[in-house]
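Okay, here's the structure, questions in a sec.
When the chains are written out, they are named A, B and C in that same order, and each has its own residue count from 1.
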Amino acid sequence: MLDVKMTKRLKHFDLDIAFNCAPGELTAVIGPSGAGKTTLVRLLAGLERPDGGGITFGNTVWADVEKRVFLPARKRDLGLVFQDYTLFPHLTIRKNVAFAASNEDRVDELMTMFGIRHLESSRPSDISGGERQRAAFCQALARDPVLLLLDEPFSALDVANRRNLRSCLKELKNELHIPILHVTHDLDEALFLGDTILAVESGRIAPNWLKEQQAIQRRLAVSGLAREEGAAVSRAEEPRPVERALLGCG
Amino acid sequence: MDWTPLILSAKLAIWTMLLIPILASPMASLLAFGRFKGKSLLDAVVTLPMVMPPTVLGFALLVVMGPRGYLGGLWEDVTGDRLVFSFTGILLASLIFNLPFAVQPLRASLEKLDPRLLESAAVLGLSPLSTFFRIVLPNCLGGLAAASILVFAHSLGEFGVILMVGGSIPGQTQVASVAIFEAVEALRFDDAFRMSAALIPVCFAVLLIINKINARRA
Amino acid sequence: MKRICSLMLAFCLLIPTGAFAADLFIAQAANFTPVMKEIIPAFEKATGLKAQATYASTGKLYGQIINDAPFDILMAADERRPNKLFADGLAEKPFVYAKGQVVLWSNDKNFCGDDWKATVVNDAVKRVSVANTETAPYGTSSMKAMQAAGLWDKVQPKLVYGQSISQAFQFASTGSADVGFCAYSSVFTEVGKKGCFTVVDEAPPVIQAACVLKSAPHADAAAKFVKFLSSPEVQAMKLKYGYK
């Protein structure tokens, strides 16, 4: 169980968030750009320190400002996927995935699952963006993390890849049984994936923001302006079986 | 023609080239990634040998490496030999003199590194030291190679500093640049010409290699 | 930006460089520098002419002269170079202007016994500095002394070579070399006074000769200078610095 209650002074506002996330639960974090979503991920990852409050994971305290406790990133045993791949450019795909892996079988398993087994000996610069993100997922999952943090992992991908990986993630969620935090600016993605939706605006949780967004969407749908969009959204929920076989995740 | 000065120059240049990364890497890392008080001071100290006139630097080293100097005294206590006027002495001088020429390109290479790579490594459980050897270094090999080759070429031409602390001992500290100077002084122009003619192709080849490495990195 | 450039240009062109203003140009061997620094003002006072000296090793000055450097007179540290210039028709007949002496100098009082020969072979003396035996007359003289005493082979492994007699003295005065074969005149300098010395009798006196160059642009001034050199005033200055 991930327990978060912390504050951090940022440039234009203060981040002040409290929530928790249970194993097997996916919390989607959504909000406008500059709302502090990425900072939240970095704080959870241990790449930055909070100014107040703290983070606990199960029985372990990851950060506690009052008690001056701070567990650095490398000791938190988590998986992190950025928006742009951050695979190590000097290693092959297999070496990247296996970098922090618990065992070789898991590496094989994940790479097969994500359909990139055939790219084992390639370098990150040789493969496509979609393939790189799959590799990044494998890398993060290979060490059997206790928490998965995703910072807009699909934003840089094309529509087909995005749809495919979304479904992948939904299925994986049940299999992994760990808390997952998924940051996105795409409302539909958040609605599709999230068991809980956390709307963040100017560093704070904005419960009304979500309702406002959904109202706007409904109005657009009704006025017919977003008919195409709406159709695309419903289609995005389930990728076509043919595509799924080609991209190989499931 | 006496090949000893040329061999000595080559020996000095190769040793400098091999040892300089060990000194330059921590300095460059501190300057590229560190955030501490006195960072600009460290930067100035490391760059100093580049802007000092070689004879000034040479004289300073002579005093420090001499038997009454801090370094020289320590050396004599430990080994019983004198540091100044020895090959080790001119090698040390060469390392100090060449340090800024290695630190600058290496630092530039490190600063170009995507910080997310380092964060990724940290999240995946790597310690800072492991990160340096497994992630940072392999991604700056181009910068490291360029720095090493530059230092090699620079060491071949070193004169002022070596003159001051070397004592021009044939076979030990009389490197090619000093031997050529002495040949000219003694009006042995043929000798001077022959030694120069041997050095020039080497420098040229080194420059070609540097250009090739830089082109590949671009 | 333009203003700065023009200001800098004006500075370079208008500030008198002095070198162009002298009436006499002297190429002086470095070891005689302290004496020359007293001779020149005295000469200027006596004749009203301005003299300018360049101090460097004899070898370097010779090299410049045979490549048409605009000197009027060469004051060398040996006889060889002036003789060569004379033989090649580039200079008037050389004349001796000073006689120097090689001494063994050290910062360490223990190394200044009566016998320099015992000192240099002493195991406690690890490094001995000497001027380049090929190009510096004091170096050649020192080498001859060691050879005459049969010590050359024994001392050679300990030798460090300075490019000039000044550098040989510098090695000794900084303590990098335990003792050094130096010019007697260095004993009279401020640094030299802090150490001690032993005269090296076996070293042939360093006969320093000078010659007026045939291509001298200021032949009259040169002649006046040569005359001034034999005055009692100059003799006294030479003695003061250990020259004969």
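FYI, a contact is a pair of C-beta atoms (placed from the backbone, for glycine too) under 8 Å apart; a residue touches a chain by one contact, two chains touch by 3 or more.
None of these values were measured; they are calculated from a predicted model.
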Q: Quickly list, by label, the chains bordering both chain A and chain B.
A: none
Q: State the pair of chains with the top count of C-beta pairs in contact.
A: B-C
Q: Would you mind checking which chain's mean C-alpha position lies nearest the centre of all protein C-alpha atoms?
A: B
(Q) On a C-alpha centroid basis, what's the spacing between chain A and chain B, in Å? (A) 47
Q. Which integer distance in Å separates the CA centroid of chain B from that of chain C?
A. 35
Q: Report, in whole Å, the distance between the mean C-alpha point of chain A and the mean C-alpha point of chain C.
A: 80
**Q.** Residues of chain B defined as touching chain A within the complex
**A.** 114, 116-117, 119-127, 135, 138-139
**Q.** In the complex, chain C residues that touch chain B
**A.** 57, 59-60, 62-63, 126-127, 129, 132, 134-135, 159-163, 170-171, 174-177
Q. Where on chain B does chain C make contact in their complex?
A. 62-63, 65-68, 72, 82, 84-85, 163, 167-169, 174, 181-182, 184-187
Q) Where on chain A is chain B touching in the complex? A) 45-47, 72-80, 82, 84, 86, 88-90, 99-100, 139, 143
